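Presented sequentially are two complexes of chain A, the first with chain B as partner and the second with chain C.
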Partner chain A sequence: MNKIWEFIDKKPNSISVLSSIAAVIFGLIFGFILMLIVSPGTAASGFATILFGPFSDLRNIGFLLHYAAPIILTGLSVAFAFKTGLFNIGASGQLTVGAFFGLYVGVNWDFLGPVHWIVALLAAAVGGAIWGGITGLLKAYRNVNEVVSSIMLNYVSLYLVNLLILNFIYAGRSEAMRPVASARIPSGFMDTIFAGSPANIGIFIALLIAAILHIVLNYTTFGFELKSVGESRTAAKYAGIKEKRSIVFSFLIAGAIAGIAGGLMYLVGDRSFRINEQIIEQGFTGIAIALLGLSSPIGVILAGLFYGSIMRGGDAAQRFVREEIVEIIIAVIIYFSALSLFAKQFIGNIVKQKMKEKPKEPSKEGESR
Partner chain B sequence: MSALISDLSFILSYAVPVMIALMLVSLGGLFSESSGVINIALDGIMIMGGFIGALLVLYVGDALDMPTQLRVVMALVGGAVAGMLFSAAHAFASIHMNANQIISATALNLFAPALAVFTARTIGGTDRINISDTYRLNIPLLDDIPVLGPLLFERAYLSTFVGIAVLVIVTFIFYKTRLGLRLRSTGETPQASESLGIDVYNMRYFGVMASGFLGGLGGAAYLISFDNRFNGDFLGLGFLGLAIMISGQWKPIRIFIFAFLFALMRVIANLHDSIDILGNVGLSSEFYRLLPYAFTLIILAFFSKESQAPASLGEPYDQEKR
Partner chain C sequence: MDHAVEMINITKEFPGIKANDKIDLRLKKGEIHALLGENGAGKSTLMSILFGIYKADEGEIRVNNEPAEITNPNDANKLGIGMVHQHFKLVDRFTVLENIILGFEDTKNRVLVYDDAREKIKELSEQYNLKVDPDKRVADISVGHQQRVEILKMLYRDAEILILDEPTASLTPQEIDELMDILKTLRKEGKSILFISHKLKEIMEIADRCTILRRGKYIDTVNIHETSFEELAEKMVGRKVDFTLEKDKAKPKDTVLSMKNVNVTDPISQQHVVKDFTAESKRGEILVVAGIEGNGQTELIYGLTGLYPVDSGEIHLNEENVTEYSIRERALAGISHIPEDRQKHGLILDFPLEYNMILQSYHQEPFQKRGFLQFDAIRDHTNRLIERFDVRSSSGAKSVTRSLSGGNQQKAILGREIDRESDLLLAVQPTRGLDVGAIEFIHKELVNYRDQDKSVMIVSYDLDEVFNLADRILVMYEGENVGVFDPKEVSREDLGLYMAGSKKGDQS
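So, the complex of A and B:
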């Protein structure tokens, strides 16, 4: 046991990873207890289905990947903004506007032929970027707190896109039109591997974007500038970085990523855009995924896949438990993932205590920690 | 003309209670931010206040067969206390754990609606808690005063009077007491305040918990007067409250004025169907519904530039820093 504490003490990052895992475990335990209280008889089988059901066959895994793709993207959107010192609570709004842009192109521009879906997806990115850019401009030039403005923009987008969808995508019909076949995200070889599931190449698009973000943030001057502004706006300005422009760029990029998530969700054949009464939840889920994934692209991918599996598990467990209970468990896990902060502090304190109890060898005293 | 007057009095009869709720939440934000802690959690705190208020009104009120106005009192007090306790989690994280204040607040914002919907589903089977909508009361004698009488004292809500009292008390505490001065100095220059013998940690706990109390009170007030079909979602009202605080430049009286403006927008958004003069304009209901949020953005763009925010806002307190 002492070895573990020593390991954690040497590698502070491992505390963060542990606390994220702890958040998931706490969330699952909490969910299981709730299920036991509400329906003791079916709790165990229902819980097992939620955890392991998604991995029972390839079809379920296909669903898992399909669910995970847009959530990984909204998670990346929040995480990217966070790395540059900004809070993107507005991923929902950017996703919604992106979905409209993508759908508009997907439904109307069928002259594009084989590149139709790429243009539609790019249009979704542009829509999300415009919406994110508003937050960035307000933050950079009018000093408007980005959390408050992006919440407002979430609601504006909800009603505005409802209005636009009714006028342009319904076009007198009784429900929103679905994008024409050429605008749908291609399934590639996914429909042969994961037969019977709606899986398409969306998950690879999400992985590709994660890789690009990783490179931009860690290996380019541009990424370094964005991060410097996040560390200290005044210091970055002093170093000659155009800090206002950087803030706008951060939000343009974060918005574009969330917009692509909207494209992935609605440029498909099996789901049409519904007139929403509530903000699209995948955007808020992105916050939890970014927190759980410690804002790193790899962490976000893992957290997104986990979340996709819980969602799919929820579908499968409906035989055992009432549908709403599954949604509640998901909400509880979101809560605990947001709380991983507390867990981090808690584990950190334990480690400190353990290391105090066991005095260090003299040779280690001199080492910088 | 008479249609216009009846429209106006209809709008005002809803705008006044909504204004009170928004003002309470804003004043809550004022307390927290004056002490130097950002409280984006006010939305969740408000939902928690409304949720506990709804449970008390419905289940405890029915069980004890309480008279109507006593239920209102119970909901307001219960909502405020629940908000205060709930905000303690944010206070602990941001004051003692040096946590990022926006992350811990986001956690509370996610938790409150989840808990509310979960409880509603477990108890009632649906995700709504429907309470009665008959909490208005007439104040005898006072309702005969011309203009003000019908506006404030006829078919009024108890929460309106509580809210006005809170505004007076908060303004007094803020500008006329030692506590108010200490609170404000904590948010501006915590190190200097400490050197003068002020306990910065205590002051910040006071600021955040007071904001939780007022936020919870505001949530319960909104529930009683405007949202009797509680579903764990006040449509971002807590954030509107923060926007009002920023627009009002952290000053109680200005907050009161902006709360009224925002309340008008909110009422028009929710009740445009019942306002006759708007019926002829023929705009889509989606348009009215986005109006309060778009309006907020524009107002914020105007008033955020020359920000009067407390100087140490959002920074964890570090005694050794200078």
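So, the complex of A and C:
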């Protein structure tokens, strides 16, 4: 045990990782207690299904990956903005607008042939980027707080897209038309491996984008500029970086990623975009995923996969528990991950305590001098 | 013996460095005790331990002759200890009053009440002649005023033991005189004061005793009236220090920078602060802009570097009209800039040191190839600068910049900008916060820079530095150039009159 404390003490980052894991565990425990209260008889089997059901066969794993892909992307959208000092609460709106752009192209431009789905996905990225860009422009040139404007734009996008769908791609029964076959995200070999699931290459697109973001942020001059502006606008300006432009770029990119998430969600054959009074939840979940994943691409991928597995577990567990319970568990995990800062401090204190209790070895430097 | 504070055998280690190594410090009641040491010697760390920000690994603290356990600043407050930090911690958007009572608020029925606090602040301000205006916003008051607010804040909390970490580093000479008077009054009232400064003159003037640290170790504690300027310097640096700068006569060549009728308006306050400013600076000379702080020097430099737009007038660099150039374009055209505020402009505190060393040049080869950062080149560059400018830190190039001591942060900026070898080096208060050894070194570097036929333009509020460095002195008053002087032909008294605006001169 002592070794563990020492390790944590030496690597401050591990405290953050630990606090994310703690958030997940607390969320699960809380969910289990809730299930015990609501239906004591089936709680144990229901809980086991939530945890392990998704891994019972390849078909379930296929579902898991399919659920995870857009969530990883919205998580990346929020995490990317965060790394550049911005809080993107608007992933939902960007996703919604992206979905419309993608669908519009996916429904109408069937002359594109084999590249149809690529163009549709890019259109989704453009839609998201436009929506994100508005927030970025307001922040950079009018000093409008990005949290406020992106929340409001979430609602604007909701009703705007409803209206656009009614006018341009309405299929009746409060649904948008589905994209034609050529515009659907190809399933690649996924439908043979994960037979019976809707899995397509979406998960690889998400992973690819995670890798690109990681490289851009950590290895390029462009990423250096974005991070500089995020850390200190004044110092970045001093260094000759166009800090306003940089903020707009951050939001364009964050928006594009969320837009692609919208594309992945709706450029499929088995689900249609519904005219709705609710903001699409995947956007908000992205915030939790980014928090849980500590804004690092790898962390976001893991958190997104976990989220996908809980979702799929929830599907399977509906024999035992109500859908709402699954949603509550997810909500609790989200809360705990939002509180992960708090947990971080808490764990940090424990480590300090443990390190103090450990008797200090006589210093070796004294002898060598 | 009656001691306010005794710190005995204090040791504090950060990963990679022993910041304090068995240090003893004894503060007598009612004395002003100076703490002297090179940049990175461990002064701020020691004071942070006393104030409960860091916990010592080893050692004992006694306050008022009783053992004390100080684990956080609240404990320190309760023991009557107050601290003014090296980099202030006031909330810009709050008023002075709000800042002072922050964390110490009075409430009636859960509603904040200010009246008693305002009264108390006024009384204290009177008593110690602090001239603090409780209703001004911190963002709108001068650095000197902020300093006095910090002092009042301690007094408001009934502190008897006052810690001041480099309180004079960012003050003008006039403000320093005022602060010295305030400190004397405080001593008369029985307060015990720990005072950190690199300025030996101040220590000689005001302190009763002085404890000297070097590289984390305790060197000595001396009575001020039994020591000298030179002895202090030698004890601190470990060698003799030259206080007068040896330099050859300047050989000015062609003009590098020329400003014609430059006007600058502060974009925030909308005040017209630089007025019809015309001046030149040449290769092979050091031009020092002298003046009392707040006479447009800051904005003049902002206008030259592009941080502020100029309203009218022209700026030429090597005959190239750069008036409309962006900040980046000016830097590339040949301007280096050592900014006045190292934490606001000069550094990104949460970046590793090596990233800050390429803050201006990350987009140039060899630090970048085809848009990708070249980490080996960056590391080599940083290590070279660390070596040359003696930047001390816990883990070298990888150290988080925030963890560097104030003086070492400054040395890092100086190194970065001097190394860029631009035709024009603009430096505002270049030696702010440096120890005497480092000042000697930097002054030599600046003269070297000049001798490589480059132009150096320095803004300084310190007359010693002005006369030490300048080949020509330009006096700025209320945004105007009121005259250019040869330092050999103008007396300090006359210069003072020009700076105060009571005399106007001709261009020479």
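Assume the second predicted complex is superposed on the first by the 353 of 369 C-alpha atoms of A that agree within 3 Å, B and C clash if a C-alpha of one lies under 4 Å from a C-alpha of the other, contacts with A are read in each partner's own complex, and residues count from 1 in each chain.
Just so we're on the same page, a contact is a pair of C-beta atoms (placed from the backbone, for glycine too) under 8 Å apart; a residue touches a chain by one contact, two chains touch by 3 or more.
Every value quoted in this text rests on a predicted model; they were computed, and no experiment measured them.
**Student:** When the two structures are superposed on chain A, do chain B and chain C clash or fit side by side?
**Tutor:** clash
**Student:** Check the contacts made with chain A and report whether chain B or chain C touches more of its residues.
**Tutor:** B
**Student:** Under the stated touch criterion, which partner chain does A:T192 make contact with: chain B (first), chain C (second), both, or neither?
**Tutor:** In the superposition, A:T192 touches no partner, neither chain B nor chain C.
**Student:** In the overlay, answer first, second, both or neither for which of chain B and chain C A:T234 touches.
**Tutor:** After superposing on A, A:T234 lies in contact with chain C but is clear of chain B.
**Student:** With the two structures laid over each other on chain A, which partner does A:Y155 touch: chain B (first), chain C (second), both, or neither?
**Tutor:** first
**Student:** Considering only the stretches 37-45, 127-135, 163-171 or 199-207 of chain B, report the one that runs into chain C.
**Tutor:** 199-207
**Student:** So in the complex, the part of chain B that touches chain A is made up of which residues?
**Tutor:** 40, 93, 97, 99-100, 102-104, 106-107, 110-111, 113-114, 117-118, 121-122, 127, 233, 235-236, 239, 242-243, 246, 284, 286-287, 289-290, 293-294, 296-297, 300-301, 304-305, 307
**Student:** Under the touch definition given earlier, write down the residues of chain C that touch chain A in their complex.
**Tutor:** Residue list for chain C touching chain A: 18, 57, 305, 307, 326-328, 331, 337, 339, 344-351, 355, 359-360, 362-363, 368, 371-373.
**Student:** For the complex, give me every residue of chain A touching chain B.
**Tutor:** For this pair, the touching residues of chain A are 34, 38, 87, 89, 138, 142-145, 147-149, 151-156, 158-160, 162-163, 166, 278, 284, 287-288, 291, 324, 328, 331-332, 334-335, 338-339, 341-342, 345.
**Student:** Please output the residues of chain A touching chain C within their complex, sorted ascending.
**Tutor:** 219-222, 224, 227-228, 231-232, 234-242, 360, 365
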